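First up is the structure itself, then whatever we jot down about it.
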Amino acid sequence: MKKIRKLGILTGGGDCPGLNAVIRAVVHTASRDYGLEVCGIIDGYAGLIHKNVRKLELADVSGILPRGGTILGTSNRDNPFRYAAEAPGQKQEYCDVSAVALKTIEYNEIDVLLAVGGDGTQSIAQLFFEKHRLPVIGIPKTIDNDLNGTDVTFGFDTALNTATTAIDKLHSTAEAHHRVMVIEVMGRYAGWIALEAGLAGGGDVILIPEIPFHMEKVCDKISERTRQGKRFSLVVVAEGAKAVGGELVVARQVNDASDPVRLGGIAAWVGNRIEDMIGIESRYTILGHVQRGGSPTPFDRILATRFGYHAVEAAMNRKFGSLVGLRGNEIKTSPIREAIAVPRRVKPEDDLVRAAKAVGTCFGK
Amino acid sequence: MKKIRKLGILTGGGDCPGLNAVIRAVVHTASRDYGLEVCGIIDGYAGLIHKNVRKLELADVSGILPRGGTILGTSNRDNPFRYAAEAPGQKQEYCDVSAVALKTIEYNEIDVLLAVGGDGTQSIAQLFFEKHRLPVIGIPKTIDNDLNGTDVTFGFDTALNTATTAIDKLHSTAEAHHRVMVIEVMGRYAGWIALEAGLAGGGDVILIPEIPFHMEKVCDKISERTRQGKRFSLVVVAEGAKAVGGELVVARQVNDASDPVRLGGIAAWVGNRIEDMIGIESRYTILGHVQRGGSPTPFDRILATRFGYHAVEAAMNRKFGSLVGLRGNEIKTSPIREAIAVPRRVKPEDDLVRAAKAVGTCFGK
Amino acid sequence: MKKIRKLGILTGGGDCPGLNAVIRAVVHTASRDYGLEVCGIIDGYAGLIHKNVRKLELADVSGILPRGGTILGTSNRDNPFRYAAEAPGQKQEYCDVSAVALKTIEYNEIDVLLAVGGDGTQSIAQLFFEKHRLPVIGIPKTIDNDLNGTDVTFGFDTALNTATTAIDKLHSTAEAHHRVMVIEVMGRYAGWIALEAGLAGGGDVILIPEIPFHMEKVCDKISERTRQGKRFSLVVVAEGAKAVGGELVVARQVNDASDPVRLGGIAAWVGNRIEDMIGIESRYTILGHVQRGGSPTPFDRILATRFGYHAVEAAMNRKFGSLVGLRGNEIKTSPIREAIAVPRRVKPEDDLVRAAKAVGTCFGK
Amino acid sequence: MKKIRKLGILTGGGDCPGLNAVIRAVVHTASRDYGLEVCGIIDGYAGLIHKNVRKLELADVSGILPRGGTILGTSNRDNPFRYAAEAPGQKQEYCDVSAVALKTIEYNEIDVLLAVGGDGTQSIAQLFFEKHRLPVIGIPKTIDNDLNGTDVTFGFDTALNTATTAIDKLHSTAEAHHRVMVIEVMGRYAGWIALEAGLAGGGDVILIPEIPFHMEKVCDKISERTRQGKRFSLVVVAEGAKAVGGELVVARQVNDASDPVRLGGIAAWVGNRIEDMIGIESRYTILGHVQRGGSPTPFDRILATRFGYHAVEAAMNRKFGSLVGLRGNEIKTSPIREAIAVPRRVKPEDDLVRAAKAVGTCFGK
């Protein structure tokens, strides 16, 4: 059995606070506890394809713990198993360049690949593991918190803080006028940020992709509040929330230039519908990528550090093909395969949904 | 000359962090230094029309210093000199109900009215002063910082902090991908928030109402950055920014339901134009009313407290018809009339604009 | 079996962000889901002794979710089973006034008592349950996170954020000079805040009550950093940390006026020892009660809300004598008795300690 | 007259948020507007003595705008006109090594020296200007805000925010118990931080070096609050505050190891005196260097950027020997000589003190 001497690490998919904390923990643990070398792969899997790799030493990770972003860069496009050959004017073609990626790994003498990323990144890691028997360890990362295999991922708490701070600010101003404030948060398929920020911020209405909503119910809730003498209502809506039954609701960042509502989004749509249906003025906020930025919260830094530490432990224990994850207060490993089998979604009977309902939140249903 | 025994105070116009600090300072100063009573008028001038007034004692203002919003409520509609009689199905008519407002003042034995508000609120205060010889003192308030008579108004620093924090977060995430981030901040007619938040946050492009922009120049700047190896660019745009020469740019919250771009806004428009013109992906954030909320910054709390203190001093010194204002490190008074004569706008030759250009900012011109 | 119609709730022990969120969730759930009444007991168990109780309705808990403190007040002195009769000039005597407390409960027709608090509060709740068969439900609260029966308590995440923010700020300034920065955080017996804030903030040395430290090891670590060219080191010390072997280390807030070092604390002591031993200048910060204040983080608000919701559920399911607690992503109940049997302390072999060591942290051992 | 081709910049004295923003603005303005080169001098005047200088290009200042600290390092010891020759075991001797410093300037072909710093740094700059006719431009920097020649310096607003945030947190927790909270903030000779943070945070008592205090008055104020039913009081004390009449009050960080109260500080002293005199429990917080750290506020970033921009302008306009400063909304220059003649102190009749008294603050007098 080959001795492990060098680890490679890459960060894939969308940006997420805590990535640097993972990288730092990996480099420290590898170097201090095991005397291993660490290679950073630049821009996710793209770095494997384009042979863009650099050595990571302790000095390289000094001071990065509290910083957002990732010193390795990321990419959410370049899949070595389905690489898009760019040929302008022609039909897009895809080819498998995973052998090239493997060559980069061999050339750099990387013994184990640590893949930090969400669904997409882990699926590719799993392919390398299955098809090419590459020793991989997965580290879960998804700001939407929609990955199984862990109670929660780093980055989510930071996004939740940003969203809740915004809701708090809207609350303080909303009381001055008779108005509905609509705030759109991230979550195209999973409503965790909307649900938890709505719960933390005391949102009156929470609309998430997993619970299609009726505008009538939303308006009923707001009208009920008006009758109770409340001067404002606050609606938290996930970018992927959908109205029931054929009502046109568009995702925020549609790329089709011919789309007449290309400029709009779900927040504006909901706000305008409320104005039309019950005549109460609305204002909206779209947080967008602000939620992916900023210094990670202590929770996320600690979780990311633990993930980094345990990923090296898992590598040394040759638990290849596994993903580290938080279970209660402990870090455990489980097969990557299981984590990517089904996404983690809010279920209407989830405890958080029931708690939200108990404090009076309307889900538009 | 009638002795001053009771002050009335109202807060008018849009919400603004620091209003409660003004109210608190007025009640304390009036009560502690002069033994005066204070009456709070509810919902701005609407309270005078609808006889909605309540006594304010020290206990009423306990703990409100750090809170956003206003315990008196506000309104930006009800002008006693041009009151909209609501008659559904008929042509809107306006009438002068200022005599009713005066009756409320007389009935409550208010000797001096302190009017906290922006352009609109001060104009009405000036009318009361001119037409009815009502003793008024103005306290400037505008989150957009577009009022003359003071170096700066409270609320602006808080909004600036909120906007800059968002820009900082976008910066940390922007570096991970090749992208343009567009952030829309408040400022329909005055670009102070965009200018200062852009300067504080290191925005690459700042678009403000006072400097109509060319999309070509914006794209040139972004392309230049790409050539220099920068992976991202950040565009800060005031909601009222306008492109030169007939390009359709809509304000964010158009109320005409038939407007085809009703859902969109300037941030989306600029982002989409960049994608169309130079093919770089863009993402946008619309901060909206988040900027009006939150606990006021120390700067705003101190300024608001000083305004409140000096407004009472000005009242006792019978400087009726004046507005308190910050001049350097001192609080001075000037005629309300002068402050409302012309709005305070960014001038292209302003020192802040020059400083922004010196650090490389593009204004689209 | 008597039908449950009214719940009583009290908050005991030290202040902790999230208490208001619990109260709000209890009132909402009781009222909306079960049509129950809720009574608030003022100042913890003192309210039962002094018959200080008030009805809590939905309006009473409106707007309190994001607020620190507790609208019910608290007390960490008045134990009904060992009540200190105040008789100046005489020897302090204690008596059992629990019968009085029970009368208050009966008089107010409280069917179940929800006790929110730490070790002390839960022990008293358990006594009422055991000795008087009072139906009680415990809700764990301790900023130090030293209670068993739950993975974590609310308030801890907020304190952790405050401590980490301070450490981050020290880091940014520490680099400018050649210095050691010592920061003292809460934790008289349990070092969780120091450990997690030190891990999140990248502290070079973490000193906690559970791991007695050697000043030599601390100085070795700092000297090693100096040799590596690092201009600063950061020491995070829990207020209850102790040096090995007879070195005098005093807790911060000693109440004996004759104590010569009454004014000092562990931070100053450690800083001065470093200066004496290796001649590097030190500066210290003592955070104190700042850590107990502020608006709760989203994590704490959500956890507190879930605890409140589930405490009502547990009451309705007659799980008397149990404590609600977080286990992974779920809320579960366990006997109060078990939770208070032994305190939750950092163990030297804990995963967090190992992760901290892996990233280079010195524990003075 | 020699053409200006290269600027040198150094940062001296204590750390202060905004230094990096100044450096960035100088490099951008020099390079973009005038095609000048910029040299960074490392560790303040020490860099001139030890020939430690490096070129600063646009890439060097990329991303530093929001960062605390200074990329150039600083030193508050090395005065070229009175340099401490280190000779262990001998009497400390000082010598004038300013000629060495000048050589470094000549060798590096620095045409104008920009000196960013407070009293000490500007005094040395003035000596270079007077004695050696070195073209210097001063940029004021002092976290204590005790420098004349400008309405305010950068760094102060950031420190004020940190101190006020801490006071806000103490407020939220103070209400739960019957207690006095004492918070010690920076200000050895000037009480601006204590005064403004106390005003912004609603401190009941503010103790500053400029107004020696009587403990009796402090206790009277607290007792009065107790009589009014207030459960807590908050005391903000500058580290250099002094009690009237011989009462021993020590500065926090005394360096004499034989001092029996070396461990203590003014916060502990005041808290203990209150306990002794009126029997109310007290807790204290010592913020320390946390106030010097963190990302600069937008206000400080903008002011620092403007200072940097105008310092280059002043250099090009050959206004040597002047200091840039904020006057109202404008940046103006004045002779360094005037700015350092007398320090800026709080005067008992200052507007801020009167406003603080009007809202009920006690100054212990």
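Lettered A, B, C and D in written order, each chain numbered from 1.
In this section, contacts are C-beta pairs under 8 Å (C-beta built on N, C-alpha and C of every residue); 3 or more make two chains touch, one makes a residue touch a chain.
As the structure is a prediction and not an experimental result, all values here were calculated from the model.
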Furthest chain, CA centroid comparison against chain A: D
Interchain centroid distance [CA atoms averaged], chain A/chain C, Å: 31
Centre-of-Cα separation between chain C and chain B, whole angstrom: 41
Chain D: positions in contact with at least two other chains: 168, 171, 295
Pairs of chains, among all present, that meet the touch criterion: A-B, A-C, B-D, C-D
Touching residues on chain B, where the partner in the complex is chain A: 14-15, 17, 67-70, 73-76, 162, 166, 168-177, 181, 183, 253, 255, 257, 260-265, 268-269, 272, 275-276, 283-295
Touching residues (chain side chain C, partner chain A) in the complex: 24-25, 28-29, 32-33, 65-66, 151-152, 157, 160-161, 163-164, 168, 171, 196-197, 199-202, 295, 297-299, 301-302, 305-306, 309-310, 312, 327-331, 351-352, 354-355, 358-360
